[in-house]
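Take a look at the structures listed below.
One chain, chain A, links the two complexes that follow: it is found with chain B in the first and with chain C in the second.
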Partner chain A sequence: MSSPPVKPKRRLSLSSREAIWAYAFLLVPLAFFLFFRLWPALQSFRLSFFSWHVDPEMRNFVGLQYYREMWAEFVARGPIFQALRNMLFYFVLVVFGQVSLGLISALLLNSVTRFRSIFRAIYFAPYVTPAAAVAWVWGWMYSVNFGIFNKLLADWSDWVTGIGLPWLAIDPQPFLTSPTQALVAVSVVVIWQQLGFQVVIFLAGLQGIPKQFHEAAAIDGANGWHRFWKVTFPLLNPVLVFSLIISTIATLQLFDQVVNINFTDQGGPLGSTLTIALYMYQQAFEKFRIGYAAAVTVLLFAIIMLVTLVQLRLTQREVEY
Partner chain B sequence: MVGIRRFSPGKLFAYLALAVGSVVMAFPFVWMLLSSFKSLREIFRFSFWPQAWTLANYQEVLLNTQFPRWFMNSLIVAGISTVSVLFFCSLVGYTLTKLRFPGKNFVFLLILSTLMIPTEMLVIPWYVMSTEYGWVNTFWGIAFPGLIPAFGVFLMRQFFQSLPRDLFDAGRVDGVSEFGLYWRVGLPLVGPGLAALAIFNFVGNWNAFLWPLIVAKSPSMRTIPVGVALFSGEAGTAWNLIMASAALAVIPVLIVFFIFQRQIIEGVVLTGVKG
Partner chain C sequence: MKRVLLLLAVMVGFGMAAAQTTITYWQYDYATRVDAMNQLIAQFEAENPDIKVVHETFPYDGYPAQVAASIPAGQGPDVAQLFYGWLPTWQRAGYVVPLPEQYFDAAALDENFAPLVQAAKVDGTWYGLPTAVRSLALFYNLDKLREAGFDGPPATWDEFVEMATAMTVKQGNRFVEVGYGFAPTGQDHHLVREVLVRQFGGVPYNDDYSQVTYASEEGVEAFDFYTSWVTEHQFAVPEFVPGNNGYRDGFRVLENIAMIVDGSFAIGDVQRLAEFEWGVAELPTLDNGVKSNFGSFFMNALTPNATKDPAKLEAAAKFLQFVTSDDAMKLWLDVVGELPASRTLIADPELASDPVYGPFVRALDYAHATVFVDESGQRDVMVDAINAVVLQGQDPAAALESAAAAEQLLLDANR
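Up next is the complex of A and B:
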């Protein structure tokens, strides 16, 4: 800016030329984010306050009616109550399963030198496969009469009975057909599919911890157990928080697996595997209760906002090496 | 800790545990493949290995459903979106790191804020939009929501951030156009980032389910996951056919994964731990 205008011909300064190019480059992307992200999000809020009609002119303002309906349904322990309760169960099972198994697997992987990348690839492979397709595979394995799990249980029971320990026998299980087991069965699928992601993140975190810390602790006489809890675990904190957030958001948005693992009774039996996303889908695209479904997505948005705020609070506590 | 002992019981345990873990992780794929080679009769008679290997299930799925069409649809959608994603995400990533302009932080925050909006909240307005503009049952309709993903912008921003600004100032002095600075100076230096983004985006599109399920109404416009899901829903207990169709959906993406394994995993680490 301070340089004298050597060329009077050029009407724009270098910096405003650069700015104009920047805006030109951002024109299409910004239009995209405004038109396909922000505007639809606001539209969802709007739709949740209007009765639905294909013709926008015929949509009437109904105020908080859908939110009141949602509340009434929640109090009456209807589907929205089930979906929220299930969300909590999924959250506890999936997050606990993924983080603990992911951490254990990463520690094991970090302790071996050979075959590490092969093991890592095998753990990660389910993460890249279509959830809709693998849910069918698991549905087949969970099949009550012909599934491999009940076959294994039957073989096991025959074997223990054969060697005179019949009290070790286990009856065939109902899995997806039981309201008490179905959610756990679906959670296992989700954990299986996303575990590799957690392993990779944890492994990178473990490799980011400077070796001297472990060596110093070892010289001070700390055993493996102490080294883990006093050195590894605290230094892994940022990675742990990240992995918690990722698995939490993933459980809040569960859809593909739940729809496909029990295709004839989606979210069943008796709503025991129903999720918010599936409930939204059913309301909007099967029952065409667009306004109500929009209100459900606003609720989901609020929950995700809350989780994100908690995340920001947690990650602001920086860990210094 | 230090590599004096080459072999220890602890290590043996680690290898054993990892081997068992790998078997558990891989088993659903193995069982899917084995079941897909069995006849319906064998499916209901327990045997681990198929007694008479048959390709009839694959024949049935490939010839009597629109599976080849769904495969093409998935490729077309993934192709369209990958071209767009590579171009626009890198362009935005470049602009946000290498150009000076007022409002840069605002633009960045705007894009960042869209990450908080769950897809579930967007699909209803997208569908309303699609019916109004006639996008239902079109490739554009399936592809448009994913043309510029915010995560891709962040990935490319990471890569461009590591390049020195002097490089671009030097180019400017040499008379390279502003677009040329991005296209001929910047892009060739972020090759690994583009590769990671392309693979991520391909896999993400290949697996996408919720939106294609909503917008691809006609059977001939379905993508692979939607096609497989609805076909399986109709197949009832013909698990041999369901497993063959699942295998046809899973295997291409597994092949892509094992070829580009390193880039994919490094990309996850980069966006995850450092992002």
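Up next is the complex of A and C:
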């Protein structure tokens, strides 16, 4: 079929025009990302090589001095050593706690058909509660003399003593006022608060797994346990990877809960709950040592990047449906 | 005709607006302080129609961060309020500028302001001025003292220990009421350094505050005495009431803390909230009768923003003079309850004999204002030493020695 000769038009095809429009709209968030995210992030690299002063002309190049200071403080087991060690504990406790509890809760929720959305809302509520409010309530619950946890322990101890088993009694616990328990206590709060987010992510992942696989496996005689390990778990892998990485990054940037739960001795007692992000904040905004704080930011950036890359390497596999 | 007049009026209005200089004042958010400052600004603007003052406040905890970020960007305050302990940090990073000589006579300032206000200087140069000064005293719940069989506050630390012990109530192994509101992060770190160490015969620092000297025999004795309130006498409990200023809430609202050491800035809040008979006493002494106290202040300083043009600088300087004048101090005393910073006002016998303000005013005579180089860092050192003893069971002498070493490092690094 031959078409009549078309006069060459200068107009673009529909798809090109659509693409241009799409890019035009994408430019707005892109510009936002570049100017408000990437540019300041790059600035912090530069800042970390200069001593800080309000007047840019008074900022002196100090080379790697702040990095050397960080290293010296690390070797001397100063706050940065504490913060890094705490991060390791937070990472293990919070990420493992969040992901495993999130998965378990999502599996349970997935098997109920009634009131699922109500449950989902309940689980999600803590995630949208301000960290300051959460910290205040948990601070009271953890209170040594007035908190509900020690009240329960006291009641329990009274009861077991009453029935002649005093060796089962448990003393009141110091929780946030103990340098050895505080980090675990804060981790529990963080897990509780972030759990809802994980549950929603996992629920979405579970509902994305085609039903036929489970039906086929059931017909082949696989029990529930087998179906979970051989069908659900592998197919959930992309969600699991996402969830691991997101919770890892959030944990490495832990700040709000730690600041608010021990408001007058942030990161305490005795530095036992200090995080890198809080340490950076204190250096920048309490001591106005912005150059040094920038160097700490660069360190945090490097850690997050490294951990994320390792996680991606270890966990990401192709999933074929 | 009407139109012409209207146009004229608009033009005159614009002309006035153009001639008006606007300056921005920042302080942290605290109801009575904001109220007092608003009243002062209204008076100032009435006296100076060509100057407009924009008053902005921020929550206390985020306040330094706002300052840190805005001034380098050329935004934010021309005149800012800061704790005197922050001055070295702010000055090193260029957030405040020296008081301009053409508006402030250094010799007159030395003459007019209470001696502890000298801490508003760095290397002999004035960097700002306070409206009010503060000192520490013992707040007590008189109802509880009477219930326990005492008719007044303790004069000596021995009496203090006896009364606090008598007012402590336990149920099983949990505390219901305590005799003293233990607050290392509140005012207690000052109490140890500037009060107890000196009363026990030691000195916390050398004269120019370049050397830490509190880890002496006397210092250890003082530190041991303070921590024994938790470890031995058990009338004080760390974090007894959770939250920011828990010790003060326990005293004034929950009424489960019988005595606290707090600053004069707490007077207004206690007056407003306490529904029991309470009083204020000078801090107890040992049998040797040596008195000591910690004096401090928030100061107003000019930032680099104020130096951008001469009109602004003049307006900012005028405003700073106004809010630190005797009249402003009187208003501040009435509204906020903080003590005036001028030598003559503070010497007023009526103020010194006031049942509430009196103990604070008298304490100013023997108060020391620690010369900090890194206030938050130095605070943390003492707080950690206290916590090492009361939470970890460390030996007080060892804890104080490592605190002194750590604080010396801070002093050396920042000089």
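Going forward, the second predicted complex is superposed on the first by the 277 of 321 C-alpha atoms of A that agree within 3 Å, B and C clash if a C-alpha of one lies under 4 Å from a C-alpha of the other, contacts with A are read in each partner's own complex, and residues count from 1 in each chain.
Note that contacts are C-beta pairs under 8 Å (C-beta built on N, C-alpha and C of every residue); 3 or more make two chains touch, one makes a residue touch a chain.
Note that the structure is predicted; figures quoted are calculated from it, not measured.
Trainee: Label the relationship between chain B and chain C on chain A in the superposed model as either fit or clash.
Mentor: clash
Trainee: Please indicate which partner A:23 is in contact with in the superposed arrangement: first for chain B, second for chain C, both, or neither.
Mentor: Touch partner of A:23: chain B, not chain C.
Trainee: A:263 contacts which: chain B (first), chain C (second), both, neither?
Mentor: Both partners, chain B and chain C.
Trainee: Taking the superposition on A as described, I'd like to know which of chain B and chain C A:140 touches: first, second, both or neither.
Mentor: A:140 sits against chain B and chain C alike.
Trainee: Now for A:120: first (chain B), second (chain C), both, or neither, which partner does it touch?
Mentor: First partner only.
Trainee: Pick one for A:277: touches chain B only (first), chain C only (second), both, or neither.
Mentor: first
Trainee: Between chain B and chain C, which one contacts more residues of chain A in the superposed model?
Mentor: Of the two chains, more chain A residues are contacted by B.
Trainee: Tell me the contact category for A:226 with respect to chain B and chain C: first, second, both or neither.
Mentor: In the superposition, A:226 contacts neither chain B nor chain C.
Trainee: Can A:192 be said to touch chain B (first), chain C (second), both, or neither?
Mentor: A:192 sits against chain B, while chain C stays out of touch.
Trainee: Touch check for A:179: first (chain B), second (chain C), both, or neither?
Mentor: second
Trainee: A:68 contacts which: chain B (first), chain C (second), both, neither?
Mentor: Touch status of A:68: no partner.
Trainee: Chain B has the stretches 20-28, 110-118, 128-136 or 146-154; which one runs into chain C?
Mentor: Here chain B runs into chain C along 128-136, and the other listed stretches stay clear.
Trainee: Could you give the residue numbers on chain A that contact chain B in one complex and chain C in the other?
Mentor: On chain A, the overlap between the chain B and chain C contacts is residues 54, 136, 140, 143, 146, 263-264, 281, 284-285, 290.
Trainee: Report the residues of chain A in contact with chain C in the complex, numbered from low to high.
Mentor: 52-56, 58, 136, 139-140, 142-146, 150, 154, 158, 171-172, 174, 176-179, 263-265, 268-271, 281-282, 284-288, 290
Trainee: Which residues of chain A touch chain B in the complex?
Mentor: 15, 17-19, 21-23, 25-26, 28-30, 32-33, 36-41, 43-44, 47, 54, 105, 108-109, 111-112, 115, 117, 119-126, 128-134, 136-138, 140-141, 143, 146, 148, 151, 192, 195-197, 200-201, 204-205, 208, 214-215, 218, 239, 242, 246, 252-253, 255-256, 259-260, 263-264, 276-277, 280-281, 284-285, 290, 293-294, 297-298, 300-301, 304-305, 308
Trainee: Contact residues on chain C for chain A in the complex?
Mentor: So the residues of chain C touching chain A come out as 61, 64-65, 68, 71-72, 89-90, 92-95, 172-176, 183-186, 237-246, 304, 374, 376-377, 380, 383-384, 387-388, 391-392.
Trainee: Along chain B, where are the residues that touch chain A in the complex?
Mentor: Answer in residue numbers: 1-2, 10-11, 14-15, 17-18, 21-22, 24-26, 28-29, 31-32, 35, 43-44, 46, 88, 91-92, 94-95, 99-102, 104, 107, 110-111, 113-114, 116-129, 131, 144-145, 147-148, 150, 153, 178-179, 182, 203, 206-207, 209-210, 214, 224-226, 228-229, 232-233, 239, 242-243, 245-246, 249-250, 253-254, 256-258, 261, 264-265, 268-269, 272-273.
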